[in-house]
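For reference, the structures are reproduced in the following blocks.
One chain, chain A, links the two complexes that follow: it is found with chain B in the first and with chain C in the second.
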Partner chain A sequence: MNDLYSVSSSPHVRAGVTTQKIMGAVALALLPASVCGVVFFGMHALIVLLVSVASAVLSEYVFERITKRPVTVYDLSAVVTGLLIGLNMPPEVPLFVPILGSVFGIIVVKQLFGGIGQNFMNPALGARCFLLISFSSQMTDFGAKGGMMGAASRAALDAVSSATPLATLKTGAAYPLGDLFLGNIPGTIGETSALALLIGAAFLLALKVIDLRIPLSYIGTFFVLVLITSLIRGYNDPFYFTLCEIFAGGLMLGAWFMATDYATCPMTGKGQLIYGICLGVLTYLFRMVSKSPEGVSYAIVFMNCLTPMIEQFTRPLAFGIKREKEAKNG
Partner chain B sequence: MKLQKDKPIERLWNGIYVENPVFCLILGMCPTLATTTSAVNAIGMGLSTTAILTMSNLMISLLKKVIPNRMRIPSYIVIIASFVTIVEFLMEGFTPGVYAALGIYIPLIVVNCIIMGRAEAYAGKKGPVESVFDGLGMGLGFTLALLLIGSVREMIGAGTWFGMKVAPGVYEPVNIFILAPGAFLVMAFFVAIMNKLKIGAARRTGWDPTENSCTDCANCAKLGMCSGKAAKETVEEAKV
Partner chain C sequence: MRLKTFKGGIHPNDMKEISMDQPITMLAPGKEMVYLMSQHIGAPAKPVVKKGDPVIIGQMIAEAGGFVSSPVYSSVSGTVKALEKRKNALGDMVDAIVIENDGQDTETEYATAELDALSKEDIIKRIQDAGVVGMGGAGFPTHVKLSPKEPDRIDHILVNGSECEPYLTSDYRCMLEKSDELVQGLMCILKVFPKAEGVICIENNKPAAIERMREAVSGRDRIRVEVMQTKYPEGAERSLIYAITGREVNSSILPADVGCIVNNVDTVIAVYEAVIKGKPLMHRIFTVSGDAVNNPKNYDVRIGMSYADIMEEAGGFKSRPEKLISGGPMMGFALFGLDVPVTKTSGAITCFLKDPVKEAVTTPCIKCGRCVKGCPAHLMPCDLSDIAEHGDKDRFAERYGMECVECGSCSYTCPAKRPLAANIKAMRRTLLAERRKK
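And now, the complex of A and B:
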């Protein structure tokens, strides 16, 4: 993207924003969550993260060399994709799973559709759905052997990791909110610590890499729907339960880091609001109405596919042009 | 690679490669995507369709003078449905395993668009011998395509081929390939390979992959993409 020809006349005011800088910022923002994952789940989590990043970068490089396209490894987008795939893995996953996921995400979801900016679906989430369907047992085994979680489960002798918070919440029971917020819970490597994810999100917001529209409309819609449902269903403490739902599972990671992916979310402000609200409704349907405990990744992938349609409906008009209906009436 | 038009060999080659119903015409997607979960199912579906296609092409070609033009579609469906019923009973009797695995997709061969398409585009206009070979070629092309997709899906998705274990013990089957998304993925890769082959051949030899097959420009799906050879011919004929 750096060799675009500039066609305007000088002098140019340059923002200095490059793909590399944006992707670097996202990767930095994901660091707190990665560190938390390693602290909670141990060294194997670190290996999973490194392997998925390395295989994502490598598959991008190899594919672009073979097809004789310009090599875009240095724009760091493959690093972010690989990191997100790693953060979506359970801590003790066999290493072939993230490798296969990175290869699928980079080559099939991203490169075959034209490379960076052309992918119709978030590559990391496409890979996650691919793996979730293919290796459902490996992908939903959240037992941890190392780190704080591993120590806890060894101390308790029985499996602390028997049920993820989402599975507990599915039954209508609440979960300790403090653990959910800090991340001391079973889950995938990167999704558990809401605090670390929020720190990263605040960093991205401060740099204006992302804005609040999509995450807030997403989480807000989900919050309202879950609150109403838990009131109707008569759960013990509806407000507490709703907060648990928000900090559990992949909602934080998905809403701040994956739903906001530039290539796959609508460009217009109105479109982004519609996108966020639809995401909230879908996630609510998956989590609270359907049988599955988690639905963030499927919701985002689904809305990725609808993004072109939303953009078409919310396309702003050029000044002086009337909408067809008004034009007919006038 | 220039074959004489409407001769048996040309018809077979046309069905298998030039106008492969699955990879080039993108016809018959429903059985292609749904029944290729294993190589056995794929070959069962392909061969039963081939038998029905060949017989119905023969019958329609023989009856083309008797069938009134306005009633041709219902007549075709009656003919095809009769053969489907025969094949269905035969499969139920002799290959109950495949019959059970294919289920509803056998009766659905009645509305298979390859069979309807060949009846409408070829058998209803040409002689019985060419029509039989056209049906055979198209059917074999369909079978081959299904077998390819089914083999890849079964090998990756289950680690077996025709039920035999082909993958080493440590291989972890990638489940998605025997589910619906896998069908689309594998199909897309084969279409891409086919296009690559054809474009390559066209570049090397100057051979136009469509030139042997054009019969009717008005109903041709590729009308916008080709130079319209058949259209020119018909125009010239009309002038004469």
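And now, the complex of A and C:
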């Protein structure tokens, strides 16, 4: 045994978790919502999802080959981005829209800024905002199926409520709470079923891929603000109205799956709370004050840009340092 | 009641079941014994024997090289074969005394003592003369630790029985098999600090040790057992002090500055042997573990024995391991070979058939924040590692890089398998070397 053994710097063991496993878990966690989307909206929804994922992965592969960089499609992050873009599409959207979205999200938002971990904005949401602005008719055309989209139904709800605050919610736009929760309402493919999204979120929480800080502070802040507002404005059933705001539209998908995107949210615990609370306030402003049909995407994209600053200000104080400062002062 | 702990940390698989249930076994020493002159922090010991001198067990072969230093004793009888450079666990060639073991085990007479008859000064003197140093790994001479500037401020003597490093079970076995010696050793230290209380700190994954130690301390009102949450690095000095007392120690102060002195289980037993039995430090409990060894368990080995002899005596390898670690996998040193002697501070050898990190591919940071959550020093290891890679010394210090305790939690928990701890450690070495020059 004269030959040498292999050496390396400690630690000599590593946790089993890898980037690929994390991204795989997120993709799995989005499956219940995807299945619900296909069940509620039909085969075209499935094709939209498949096309979104395929074009995201292909964009990443081609871009990395052309720029002669290591191909990273196996880390599955492009799959997650593509899936999120697909889930954010109206069910009957023309296929060129998600393709364009995936190419934009992967190449412009992610790769041009340095690839995985370096993007300052969530690629899927960057793509959604780009599409909402550039192809607003396609992005807000929810066809005949289900009558109205979540956002549109909410807009109608808002209109009804704000026009005649004391009028009952029964006047047309309201859905039974059960349908709201299960997802049997109009909306984008993946955002309608709160139940399916919560199942996925519970899976990620159990695997410790995400924690409760961002989603709870986000949804909690939003809930409180909407409830207070609907009480002040004297809506007929403020509690029901608030629940509609929570379950209809993109809040569940955004809060659990997109606000928690590692690269674009703060790493510090305190920072994550601030980030979540700001998201709640912004979403409230966009939806309740400006009456914009889409509040969640813009709120998250806006906060993505503030993440580096939040992180800077919430950097944890090193262990034992506070004490030292006190000792010096005293 | 919530278990005591610190903020941060990780939960590696502790792998203690491999070796924890076997009683400690005596190992016969090898033919050639090597005693390094630097088995402690501080000035190296100075040899007091020449080549050809006969020596017996318990004879001093090197004296302390100063106050912060420690003498070395022969653990076998035989002849001094050489005074030469030998390899230590880090792979450096360092001064050593080589003794040919005659196998006779001729031993000196030791001057035993009663604790009641000893003064504080006597106790510290006996510990100093016996060459006792911190046996948990750092090797800080115990008599120096027990001589703080303001002894009256010491109110906690912590016995570190947390043994949070995976695979290692030597402290666990000692607490089970040598609990009375441990308590008596602690009594010796408590006599030096009349205002202090003794706390034996154990993680809750060692219920048998907790029970055994509770029995051993019953009726002694100055000693209690504290149960802590099982988490790595619970046994890091600063984490332990915080868990038990809520006090924070940073890199510019000592535990004694917050009224605490922390000693490892093995060290306290060595204190007992030194103070009561008058025996110098010549042996230690050593864990042999990992998936590559035939008989994973704890052995009572003599200091100076080579790892190769230990492995031979302990039943050898199942097949050739790919990686050997002196110590445990989190903070231990990977060995080039087995041609390394046991020192006062070497507590284990962990042998892996497959090197668990060889295959790891480093990918870009995804900013998941796992390293931030895991850092017991409350740093942002991902940022510090980047700063270290860029060689930005000022920024590294400004971001408290020197507060890193090098526990390796960040590298362990990183999904992108980035060498965070290695980068940070390298920068710390550079900065420490520069500070020493100034």
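The rule we apply is simple: the second predicted complex is superposed on the first by the 276 of 330 C-alpha atoms of A that agree within 3 Å, B and C clash if a C-alpha of one lies under 4 Å from a C-alpha of the other, contacts with A are read in each partner's own complex, and residues count from 1 in each chain.
In this text, contacts are C-beta pairs under 8 Å (C-beta built on N, C-alpha and C of every residue); 3 or more make two chains touch, one makes a residue touch a chain.
What you are looking at is a predicted structure, and each value in this text was computed from that prediction instead of being measured.
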Chain B versus chain C as contact partner of A:96, first or second or both or neither: first
Partner chain in contact with A:19 - chain B first, chain C second, else both or neither: second
Touched partner set for A:130, first chain B, second chain C, both or neither: first
First, second, both or neither for A:314, with chain B first and chain C second: neither
Of chain B and chain C, the chain that contacts the larger number of chain A residues: C
First (chain B), second (chain C), both or neither touched by A:140: neither
Chain B versus chain C as contact partner of A:108, first or second or both or neither: first
Set intersection of chain A contacts, chain C complex versus chain B complex: none
In the complex, chain A residues that touch chain B: 94, 96, 100, 108, 130, 133-136, 138
Residue ranges of chain A touching chain C (in the complex, touch as defined): 1-2, 4-15, 17-19, 21-22, 72, 75, 77, 115-118, 262-263, 267-269, 315-324
Chain A-touching residues of chain C, taken from the complex the two chains share: 8, 10, 12, 91, 166, 238, 242, 247-253, 320-325, 329-338, 350, 352, 355-358, 360, 363-370, 372-373, 376-380, 382, 399-400, 403, 408-409, 411-417, 419, 421-422, 425
Footprint of chain A on chain B - complex, ascending: 172, 174-177, 179, 181, 185
